[in-house]
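Next up, some structures in structure tokens.
Shared between the two complexes below is chain A, which pairs with chain B and chain C, respectively.
This part shows the complex of A and B:
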């Protein structure tokens, strides 16, 4: 991790990207034309709107894989939701990377854009209203944003799988859990029905559910059991990349521990890379190799786990740690971060954290984006004060 | 499950019995003398009046008449003879019922067959032209009164164009306008309901799960989205069938369509008690049976509903077990 070279972005480069980004927004018109041309194609893939019709060509192939050793490399990802004339800037140029077998923690408050990032990687964002405006997602060297939909279908569920936040609603209430797991098995493998059924039962047993329950329906399972089913479904085709979107948020604490243990265990056994989305720093400390602190859809700080936990640089990261109770501290009160996350339809200029930042100065709210600074190898901080003085 | 069905059948009998008593009482206490109506237009003596009244059994007290009625209807299954036409009521109903039933069935099939696809396509293309168009038409269709639409149709197709007959049910052509009139509100209702149901499911988490599994879009729509969206809609359509049948009164009278609705209305006018009672009882039974069947189909399709029914039976069972031990 340490020797990984991520280019530190200079302000000029940022500016250039910004301009490119602006151009991309104008592509909307071209896109409408593309749609007209692509009518026949859309029939081929989907009758419904959005998913089949999406034209990956919208995001130009101007990005290159930076390090061939990276299994997952997300570069300058920009996602917007448009609703009633307002544009929600959910993800604003986030970049991170991950090697085979590593786990990366995406940490941030609710609404920071973490789930959107995961869904953008899988290309399952509902379009409209969501649109990937810019950026590239390299998985195993291929840019998923450039991939045609029919190839994407082969990747979803097989190479990349996702565990969803709320197990209560993530399962189809009208299908037995066995059928739901079997569906993904049959899509991605040339199994006979018996083989697929056997595989399904094995997956259920792996997550600790007796195979006899495969004929039961989601309403017959408890929340923790449902999450196990969701995990079994995600792991059914031995994915190389697992996107776990707050897999334990909807569960109570004891079940949380079990489910996390299970995910870790399965990850180690299958050598899966994992992106763990959470707002629980304790989980991150136990599970992750790398951490990206997300705020208003931007990476405020990223680096190896120990760099972040032992040497947090960004005021936001420090604020997050400040709001945790400490075992060795006698102080009666926690120090929360004051204020609320910014309105994503109207992000502040410059650093999005500036309005809440105790160290903010005028320069922070200037129009120019804040450059990312590499304070130590592999540890990036997006702050004007980074590495300049010790607070 | 069987326990549930038996329970429902038992309640069905209770309901029908109650409806019988209720309709008898209502007709008994409602002002209006069937004998007078029957004899109107001819001069009659007081003796003759009493004689007729006696022959119809209307000179007895309330409870005696009620007992008589319940005995004849529920024990001997004899629904009596019409006061006016002197034809057994059952015979008259059986002659008319198939027509009303078919009218209702066609209307339901058309309103579901057109309304649901329209709603689904609007839901899948939210804010598209299908959606905008549907919302406007649904509003118009829902607010048009049936009788007004019927009159306008008649004016256009019968009076001006001479394409369709104004009344009767003798030819297939005569059925067209009643069916259209009867189903237009249903089309709008079904379209709006299925649109709402689809919109709810489009964003459902399990649909995203299905996409994340690599299921192709067509299959996501037809295998995951549609069953979840449409089972409640189809359930509602089934339940509206009974309403549709009893709601044909307006249509049948408008188009002089010889069905149950027209029969009921005519019988009401002449206070033809046996005919009214038999019709109401029949429609109530019909509604209850259709409801039961629809519920059972719903349970068969949706495991959650089925679980409720089974749990319902199981709870009873366990309570019985406790009492024994």
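This part shows the complex of A and C:
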């Protein structure tokens, strides 16, 4: 282990030096400054691809858990990607919380930063290019952003698990599905091979796959079955928090219905808290207790499911509902949102939705950030017009 | 009057494992100016059906008539002629545009190919088409990779309507787009239909989109038509067990009245060398002995047809 540390450190140092001589002059300066204080800032978060070799961060608790009843609490999360000379502002100060056993839906369009949020919580964002600039993620009272990587390894997969969007690419094509599930089980539990195998087969049966199929490879399964395998893998260590990133988007409606029913059933049985990422408002309506509407990496509106669906306040939320073809409405014209989502490398000042908003006025593009207004208990809207007489 | 008449249309593919009955004995009509929605799960043959109708695939058997004229085996000059009358909007607006053609070049291509217009006319028509589908003039020299999905799909639509076709087969034209953009494109398609009296065949797996845009709906399962009829009728009185399950599976945004879901067992299998009889029977909760007999499309009145031998009982 020690040897590994040494060997793996040297290329990293080399890389750092190269970078300092390279384009990122500013970063280089930062680093030098920090080194004067005896520490490299890039290590403070304990981030990155390195397994256990980075040092724990010592960021003094800028953020504090607001409510001890919250199982997951994300505060002011900011994530940026740097590509070429541009900086992509993917997540811009989003906050939300979740109690034990609850399900929260993160809803937004392509590029709104939903997946980045989930990956930031899991701390599996590739660094570079991604960088968590600010914020805290409390899970069970601990701030994951300050967790050293070796502890994170124990948490990831055991306490927090993720279901990925595309089951075709989430599975290793060279390993039988049984072995893939068993890998997680063995890493996080002190099981013998037999016990682990037994546990794996039980997981497969739980998601409706006969245990005899554990020796088969991913290509022998259909899309829906593969997604079941991915779900079995995510649930194998009975995680307390499940991050489901568009778990049914790649599936047909009847299969989607099966998989969603299964996820709901397992969640209720195991009392798992869940963050469900989706662009499908129908899926949210059927699955979630709380909803956060994400636009340009910010929470435009958040609240209990019924608050959002029965009393949407933010113009963007209203626009989303207006864009949906309704099943029980015969009006033949949709009322879509004008224009396009903003360029994340060049976000508008103030409200990011203002250029597309039918209600926007000058003030919307002036304030540096729009305050969140609590229009009813637990229902927050990030809009200057929120709570003021309805238009 | 029916613009498109499809009778006992079959399209089989030879594959390694046998013969894939991708489209098997499909019969329906599309009225002039109407939109026919074709729905079903992936692999049920809905795209193949559309492509066979507009002659991108040669049919294995059966007939397709356009304005009463048999076009199933058209070739040569005749085929060119009918291709001007029928066009297609593809699912993926990126891979269906030539990456080395600018917007204007893409839209011009069918106009040039028709050899009917002078250079000036082509220029003028291209501009008019761009206006019509809502692409800004400044984008005429842009390449597909410089545009977003919604705009690309608008280019695809402009190309499809360039020669004033009568019939457009829309193959999942909005499924690659975000909801807010999807609504813009759907509105555009409906405006064009109104303006030009177009007839659409709208292939999709998204039932709420179909409910919105289609006058008639055909539900397909493994290459066969299981139910067809007016949209309202299908949505208010779905009769085939598969249609019922499909409709109940749509996640609803109505939080106060959640829908009772019919859970289907198993998954869609394949149409390679299928057994005779109802192909849905292995997943059907009502299947009996009689279902292994070949099924025919029965008329339930008011243009509502269904292929299920137990239709009256369940």
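Here is the rule we go by: the second predicted complex is superposed on the first by the 329 of 391 C-alpha atoms of A that agree within 3 Å, B and C clash if a C-alpha of one lies under 4 Å from a C-alpha of the other, contacts with A are read in each partner's own complex, and residues count from 1 in each chain.
The working rule: contacts are C-beta pairs under 8 Å (C-beta built on N, C-alpha and C of every residue); 3 or more make two chains touch, one makes a residue touch a chain.
In this text the structure is predicted, and so the values were computed from the model without any measurement.
Asks: So, on chain A, is it clash or fit between chain B and chain C?
Replies: fit
Asks: Thinking of the overlay built on chain A, is A:164 touched by chain B (first), by chain C (second), by both, or by neither?
Replies: first
Asks: Output check: A:299 vs chain B and chain C. Expected answer is one of first, second, both, neither. What do you get?
Replies: Touch status of A:299: no partner.
Asks: Could you look at A:173 and tell me whether it touches chain B, chain C, both or neither (first, second, both, neither)?
Replies: first
Asks: A:335 contacts which: chain B (first), chain C (second), both, neither?
Replies: second
Asks: Output check: A:326 vs chain B and chain C. Expected answer is one of first, second, both, neither. What do you get?
Replies: second
Asks: Just to confirm the value: shortest Cα separation between chain B and chain C in the superposed three-chain model, in whole Å.
Replies: Least C-alpha distance after superposition: 7 Å.
Asks: So which positions on chain A get touched by both chain B and chain C?
Replies: Overlap of chain B and chain C footprints on chain A: empty.
Asks: Looking at the complex, which residues from chain B come into contact with chain A?
Replies: Those residues of chain B that touch chain A are 124-126, 128, 202-206, 208-218, 220-221, 224, 227-228, 231, 301-304, 307.
Asks: Okay, in this complex, where on chain C does chain A touch?
Replies: 41-42, 148, 150, 178-184, 186-187, 190, 205, 207-209, 211-213, 235, 245-246, 248-256, 258, 261, 263-264, 267-268
Asks: Which bits of chain A are touching chain B when the two form their complex?
Replies: 45-49, 51-52, 119, 122, 124, 126, 153-158, 161-162, 164, 166, 169-176, 183-184, 187-188, 217, 219-220, 230, 233
Asks: What does chain A use to touch chain C in their complex?
Replies: Chain A residues touching chain C: 109-110, 222, 224-225, 252-258, 260-261, 279-283, 285-286, 305-306, 309-310, 319-328, 332-337, 340-341.
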